[in-house]
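Take a look at this one; I'll ask things after.
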Amino acid sequence: MLAKLRMALILFIIGSLSGLSIVGVHRLTEDAIAHNELMQQYDDYVVIFPDIDLSDLQEEDIDEDIIQRRIDAYDQNGDLLGYIFVGRAQGHSGMNTILVGVDPSADIVKVVISATDDTPNYAQIIIDDYLPNLSNQRIDEVDYDTSTGATNTYNSVRTVIDAASLHVAGDPAMEAYLSVFDDAERYATNFVFDDEALEEEINIFNAADEIIGYAYIAFIDDESVYIIFDTDDVYQATVSQDVDTSVYDDDIGTKIADIEPEDDDLGLILAELKDLLTNSTRVSLEYIARYFELYDDEDSHIGYTYVGIADGFGGLNVIDIHINLDGELIEYEVVRSNDTPDYINPVLENFEQFIGDSSLSEDDALADDVTVGATRSATSIYNIINAAFEAHAEREGE
Amino acid sequence: MAEKTKKNPMKKKKQQLGQLANFTKGIIRENPIFVFLLGMCPALAVTATLETGVGMGILVIFVLTASNIVVSLIKNFIPDEIRIPSYIVIIATFVTIVGMLTQAYAYALYQSLGIFIPLIVVNCLIMGRATAYASKNDVKSSIIDGLGMGVGFLAALALIGITRELFATGAIAYGVYLPLPFEGSIINTSMYLFNMNVFVGPAGGFIVIGIWLAIFNARGNYLKKKKEVERQAWIEEKKKEAAERKRKKAMEKAGEAA
Amino acid sequence: MISPTVFFVAIVSSMLINNVVLMRFLGICPFLGVSKRTESALGMSLAVMFVMVVSSILTYIIYYYILAPLDITFISTIAFILVIASLVQLVELFIKKISKKLYKGLGIYLPLIVTNCAILGVVEINIAQGYPEDYGLFNGLWVATTSAFGAALGFALIMFAFSSIRERLEAAEVPAAWQGVPVSLVVAGIMALAFLGLGGIV
């Protein structure tokens, strides 16, 4: 018993002595370790901007999914060197922490992988061979290498750069809308055209979420052109980087119906828009973008065509829904769909049962035996036709 | 030399080792890595460059010497039953202290060694010396034994590190991981095109150590053979001497008889 | 809830991609020392697996529920090695009590495990991974445990494969200087090269 007590005492003494000495050394080294850990973070900043003044760092927490913070880097004279974005993205095995250095003119200075669990050899390939290529490219137009041999690691870099670019270069579309509407707050795609030149119809919202205008995105010479109208279809501006739009400057403040387009690239698009806007009426429903009046061969008004748009399986489905004056479904027509034909065709056939009806029954429309394997195709068509009935009822009410 | 070979080489081991010999034995004759195969994990893991190997060597020298001192100091107070746990606590204490000091004053080294700093605790070399030597000898010789073994360990890591770094990068850099006031490279062949990255990786580690072990084995075999030859020569000589003596005695006897 | 793929990835990556022996250089001593016979290699692996998984759970709890809240993580190394050492003692006693046969099979390997750096290494790696950051405090425990199990599987796989290779090496004609450990190390190097190729799985 005594021997056991003695052993316990000895172990206790050894334990306490060891504890004491460890705590002592901990006290001694605590500050130096904290300093080192901080400096390690800053080390990467110095790698990006060698002239950075570490005593004058301005950090801003961003707290998005990918980008965590932004650091404004100044040199000793207080001149802005650029920004460092700290981001986290999924790599090969776990999250990678990546730093993107950008100069004030939005060119990438350097990209640094500051923490990674990826296989060192693969991470090294990216660090040695591919990260240097990114330097001096504009952050929003980076030319990425396609095959790197360490795709996951490279993709994490790519994700962080793309996320950072939104913070640097701003959004050209938003800038265009802001140049016309000072109170523009956000925008959303209303319709996607199945057209070579004309790309998208955009709703522009103010802070109160009211639509304050529309924009049409078109491509002229591979260049995005933003043609902007207010809610009364009055032409406001055409914003573009290189395309000359001065010919139409006189038309600013004119309704689209009164504009006489010239025979140039922009004119052709304006003519198309004029045709579209004068013949159709906008609808602000989730699945219906606009409607046209529908005439038969003898030019008598027989109903309306509602243009529907919804997400299908392979992308957007655009479907024209024809409804007669009595509110009955006459016909539907797929304008554009990337869904697998074998799946969407039976679904389309299933909707034939509703021709002549003025409402949809959800049970029949989305019956399991039809929609099996094509749920998204079926739901998108169901939503569109349903919305078309709704839009029709709304129009009747006016 | 001529005198030495006349002594019985077999008897040499039994001679009391001088302090200098006690120190140098760890470097080649009882090298912990190449002869005893102790501490192979760090020998493989942290020898991608010379500097990390040397850094690990320095840490091990410190822990080994310190734990040898303490173990030898308290050897009379520790009952046999709690020897191992006490030693574990002592070694772990020193490892923790060394770890913290490295983290504070050689951060780059701390980062590159990573988990292999806490793993010094389970380095068989340290536990082995504590139980096999320090617990049976006085403080002074324990210190010398610790230093000698530690230097032997460091030398082995350095040798492996040099080999791997040279093949992998074509240069030997300094000042990158160790907190030296200067940095640069000792050797720089500038043959970037012929760099063999495989030597940085695990495969290179295994193969380089295998090759060095084979070289040490070859040397050992050679020495053994040489000793054998020497012993044979010595036996022959003794035989000759004995025969000579016999002949002399016979002659003397014959002379007396005459 | 964490998705099952997290566990699958944890097992595959700690078993094959970051194999403890070939990629992380842990547990080299038993790898070179014990793996001469397939049977003892398997016995050793089984003992390691048990201690590795249990000590991984215990140390995770100790680190995140005791040391971290008290802000004394700097003593983690001592705490971990004591946990492992006492765990091994306990296991030894336990096995001795319940089955003489099992004790005969596993018992001799247990004392060796205390100084097997694979155990402490995997435990330290698990803590260094910082699972709570990605999965939350409690869920991280399961990921850490799965990783430890995967690592143990990887250890067993290599021990088994290597002991089989060694059995054939015995019969091979190896130059005198290369006999024993040197040739084993070169073989291990070639195995490590092969394992590099698994890098792209997950």
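Going in written order, the chains are labelled A, B and C, and every chain counts its residues from 1.
Note that in this section a residue touches a chain if its C-beta (ideal position, glycine included) is under 8 Å from a C-beta of that chain, and two chains touch if they have at least 3 such contacts.
Computed from a predicted structure; not experimentally measured.
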Chain whose Cα centroid lies nearest the overall Cα centroid:
C
Of all chains present, which has the mean Cα position farthest from that of chain C?
A
What chain pair has the highest count of contacting C-beta pairs?
B-C
So the centre of each chain is just the mean of its C-alpha atoms; given that, what is the distance between chain B and chain C in Å?
27
When centres are defined as mean Cα positions, the distance from chain A to chain C in whole Å is 45
Please compute the C-alpha centroid of chain A, do the same for chain B, then give the distance between them in whole Å.
62
Multi-partner residues of chain A (each touching 2 or more other chains)
18, 22, 26, 121
Residue numbers of chain B (touch at least two other chains):
85, 89, 92-93, 96, 100, 201
Multi-chain contact sites of chain C, meaning residues that touch two or more partners
74-75, 78, 196
Contacts from chain C onto chain B in the complex sit at residues 22-29, 32, 74-78, 80-82, 85, 114-117, 120-121, 124-125, 128, 176-186, 188-190, 192-193, 195-196
Where on chain B does chain A make contact in their complex?
77-79, 81-82, 85-86, 89-90, 92-93, 96-97, 100-101, 103-105, 107, 110-111, 197, 200-201
Parts of chain C lying in touch with chain A, wherever the complex brings them together:
9, 13, 17-18, 74-75, 78, 129, 134, 196, 199, 202
Listed in rising order, chain B residues that touch chain C in their complex are 37, 40-42, 44-45, 84-85, 88-89, 92-93, 95-96, 99-100, 114-115, 118-119, 121-124, 127, 198, 201-207, 209-211, 213-215, 217-218, 221
Flag every residue of chain A that touches chain B in the complex, lowest number first.
3, 6-7, 10-11, 14-15, 18, 21-22, 25-26, 28-29, 32-33, 36, 39-40, 121
